[in-house]
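Going by the order they are written in, the chains are A, B, C and D; count residues from 1 in each one.
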């Protein structure tokens, strides 16, 4: 029994942290957020070189062949500095291809993912905004062996930057008719429209499909058999988002605690007042708790798939509830300074607001916890 | 207990309604000409500064008449009465109570006419919640005060012609509240630098204001030297009616309800989601509690009883509601709550709203300060 | 506009308070709680003599002819000292008879109510535990002009002490088939079984009806037309329970604040710590707020019936949420002493737990606020 | 990260399971004879005091084995290992760490055998959260200490033969933590009076204990004179595994779920009420967080890292969950939640449960104390 990270993982964490601290502190993040693409190709390439983009990609395809727990280590650090990159989106596309792609499909896309040249994403939501298989309404028309897709997906992570889109669609009415297609950016009929984000370090957009032709060799696994994989990808998404939330929350807590130690009012550091001290303690309690839940969920993704959905929902539910509260307290306990653009507090609050609904909010996940927990 | 109006109050309400029927146009149709005309008319009726004494140009309205006037205006979403917000809220009342005859003549008409804006120089970098610890230095030299120091969180300093300013004229005092003096300062006086502060929702309402050997004529002192704290406390007491805030919250909640009807969550209208319904009902209930709390305080005022710390009850409610309604509005939108700007619902109105609470929550004294006021002044618990 | 009490009402309050302080402080309440009937006939008779039982009964029938606002004044005081009596139950029965009783029915029962000799109650709930007309399942059999009732009611306030039961029943499937019967204790087929209460100062029980014969002259108003009155009586119940909750909460807050001023730990009165001070401030905020809501609801019952349901639901919803929290904090902030039987803190907590579901809990009333508020 | 067990740990788990398969009968069927037999058998296996060194009669079990043992026991709802609760929890560990050879021989076997109960004399009327301010006087006279004063909230004092007692042997100290001494006192010593305290749910677990010239032989002192605080702190550190508490909460939650299935609210099973479902899921999630937090702390302990203040995280969760689950269980019952005793569901089990939280919430250090520990010791904020 060992609920901790290995030495290799701790080393990985230290390396990622060092890289980010040296190259992309928050001033740099702010600058990147003002560019249209929102991230830096050169950092991305370095990330790939260091093996962090292809962390989960099998070694034969140019990756390192590690698991979700290792990715969590990286994501905690990217979350801590709000590092903007298509890492989560690409990891989800990569996970889909790894899980169900044929040898040929893996060989076609995974090396590019691992070396940073192909940015991937998962187009998991439609206008109904219903998560999961029930929300897949994109209905394919059959054209000989191929499928023709016309419709849209919204809230697609890093849509405008992506080269590969993993797109769930239906070829019939039921869950047994759901397939996942990998569609390349240059495909005819595919169009992307970027959308604004409450968290300026994030990019997302709408995907439009107008008679996009999907050949059999672009379908992952058996046509119609993708429902379980799609649900698993949503769990992966919830885990990845929550991993970044841990890092961001911890950074917010550090910022606030250190302010509370130095800010003097009524001749005392405000951190001496229980009205400040106790909310900070609650932040800590919440972070430690959803951290434990998240680590376990990541471990379950790798080792105990039958428990992964419940574990992921618990982690995301707790984080979706706690992180926005942490963001609000971070701004609020600072007083006026916390409300200014120059100060960093609001960056965490905005991440929290962005994070909450992404891959399911607390209402969604608590309901799922209830259902999976047998009531 | 009687929520009905007296006959003469009903008559006043009828007068207000008649005026509004005749003169108000719907929200979308209010042109610049309309606004100019509106300002002229409400000023003519003395509804600007309606509660101020008639001899300074106010309306001499009773407390109850003020409530009626504000109530009817809010119901129809009428434009504000007068445009010099802080002048009408506390600078004017402060001048009326503590000012010299000359000061009254010089400032009050312009406040009523909305000729220019006032701003308020209270907070300093090291004096936020603990306002009385302020340090901006002020030394008298002959007929002038010389001011050096810095203010912060000064709303609309960049658009104001005058400032009501608190400075420290003496450090040799037993309690820090003594030794503070209140000055009226023209913003184009040499030595004043204004630097707007960009806030987290992207706008700029606040500014830093720097004072570098700023010379203020002694006749621009408001009240007695060293008693600026009292001037401030009684001026701020005018801020506390709380009725306008309830109207604002009622309007926001009604928009949130509309939002819940139009957004779908998990495949059905958000307004059918029991959790969302519960949160809306809870906000509705607390807003109604604020309205009724306000009426209970008003009743006390009408009876001539002092109303002081009770206003912290509604301030606390309001702070929490501003935060909660912003969260609720985003959560109703599901994953679209993560959008912003043109991509978002109503052009990102709710995203902006959900980031604007600090203006209210921090500006008017933090929730912790309100809790302390209630615990110490009402429940008699020992001071921190 | 006057949202305050009249001089007469303040005088009434002072008299009730004086009577209770002199005669029935908490030690006495504790003693009464150990008796089977749970209240004192002699205090009840004095209450009646002083006019406080017949407060709402018209003068021609021996009462004072006042309204719900006046009754609230009395109930705040009885709540403050947790005074045990069938006052709320009797007031509800009395309200039913006043509102819909014929002249003969009023003359038959109201004088006895006003002089304390008839204790009344409302049997408003059945085993389904559904509040309101939808919960009335007691189906009458017709026997010539009379109705025969067989079934049960539960959670009947002061059941074992009551002489008169106001009983809603159905003679058909719809809301237009609901009637209210006044059934006297001695009626054949009527039986009462007392039930234990989490709040030892309260009494309630189950009513069993086994072929109870209800003649036309025991029906209040037109047979089948009682639905609106029944809903109103439930609003009255919610208002009455909440009025007592105000008094009890205020007493709990006083007890706790005064303890916080004198209890010294870490060389300070604990009331100096914001961790104690702020919860006390929140108690005050809550009490003032549901107090305002309740006063308005009581006023609406008397003066603006079309707003009374919404107003009553807001008051009861807020109180049902806040009062138990106040009770818990009352015990918790005291530390060990608050947990003892001898100390009074738990009496308020138990009242809060009793009060919460009675005449509808927060879930019920907030849902009603949403519905009546147009969503 | 690896939640699987090592082979030798799996072997130990198999051993435990085999024992339980063979010896345990279901909860309802445990007669007095069974319990006596059970106690004998687990004592024989050295599973009582399993973590204590073998040379004092303990099991010498590793940390991980303890967890496995407790885990399997809890899963089958087995009776506790040993009956001398406080003796096993902290008195024994304290004696093992600080006791003399004589003390070990005198007390440890009886604790393991459950021959009698120990109680804990820490809190005083004026020293609750601020335990170190205790004042019970203690003066040495020759070979005896003479104790005068009062303790309160002493669990099971009325059923105990011995007490571990903190007294003040010196007031002439710089910090109040010094000058405290730890004594082991036989409860039938002349001068001791025990008065049970009836608690709000009607039972009596606590007592007041009065000391009137109580003479305690010097050889019954545990540790050095004046260093009783350290003895106490390290003894209490043994209380902190937190695993048993999680098992208790899991069991309670599972009963609450069952309750929700069987009760109807507003015409349908409470388990279909979205608000109730949400609250159950939130409790479930926090309990799972506690379990996993515990495993993270355990991992640190296994690696030999110090685990201290983190345990306050789970203590806070537990305190709030004990309160919330009680409230939830009553609310699920609708108006029947207001009943009690025979009239209530399950004979009033949930009513009693909903009134028992102070035992946990106040007993183990109030939530505010836990928040202070986290803020000060982990986050480094200034002390109150």
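Simple rule for what comes next: a residue touches a chain if its C-beta (ideal position, glycine included) is under 8 Å from a C-beta of that chain, and two chains touch if they have at least 3 such contacts.
A quick note: this is a predicted structure, and the numbers were derived from the prediction, not measured.
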Pair sharing more residue contacts (C-beta pairs) when C-D is set against B-D: C-D
Chain at maximum distance from subunit D, centres defined as averaged CA atoms: B
Averaged-CA centre spacing for the pair subunit C and subunit B, given as whole angstrom: 41
Whole-Å separation of chain centres (CA-atom averages), subunit B against subunit D: 53
Overlap residues in subunit A, where contacts from two or more other chains coincide: 273-276, 278, 363
In subunit D, residues with contacts to at least two other chains: 273-275, 278, 368, 371-372, 384
Subunit A-touching residues of subunit C, taken from the complex the two chains share: 273-275, 278
Subunit D contact footprint on subunit A (complex, rising order): 1-6, 9, 69, 253, 257, 260-261, 268-269, 271-272, 274, 276-278, 280-282, 284-285, 288-290, 292-293, 295-296, 299, 303-304, 314, 317-318, 321, 363, 366-367, 369-370, 373-375
Interface residues, subunit A side, partner subunit B - complex: 125, 128-130, 134, 154-155, 195-199, 202, 204, 264-267, 273, 275-276, 324, 328, 331-332, 335-336, 338-342, 345-346, 349-350, 353-354, 356-358, 361, 363-364
In the complex, subunit B residues that touch subunit A: 123, 126-130, 133, 152-153, 197-200, 202, 206, 264-267, 273, 275, 323, 327, 330-331, 333-344, 348, 351, 354-355, 358-359, 361-362, 366-368, 371-372, 384
Complex contact set, residues of subunit B against subunit C: 1-6, 9, 64, 67, 257, 260-261, 271, 274, 277-278, 280-282, 284-286, 288-290, 292-293, 295-296, 298-300, 302-303, 310, 313, 316-317, 368, 370-372, 374-376, 378-384
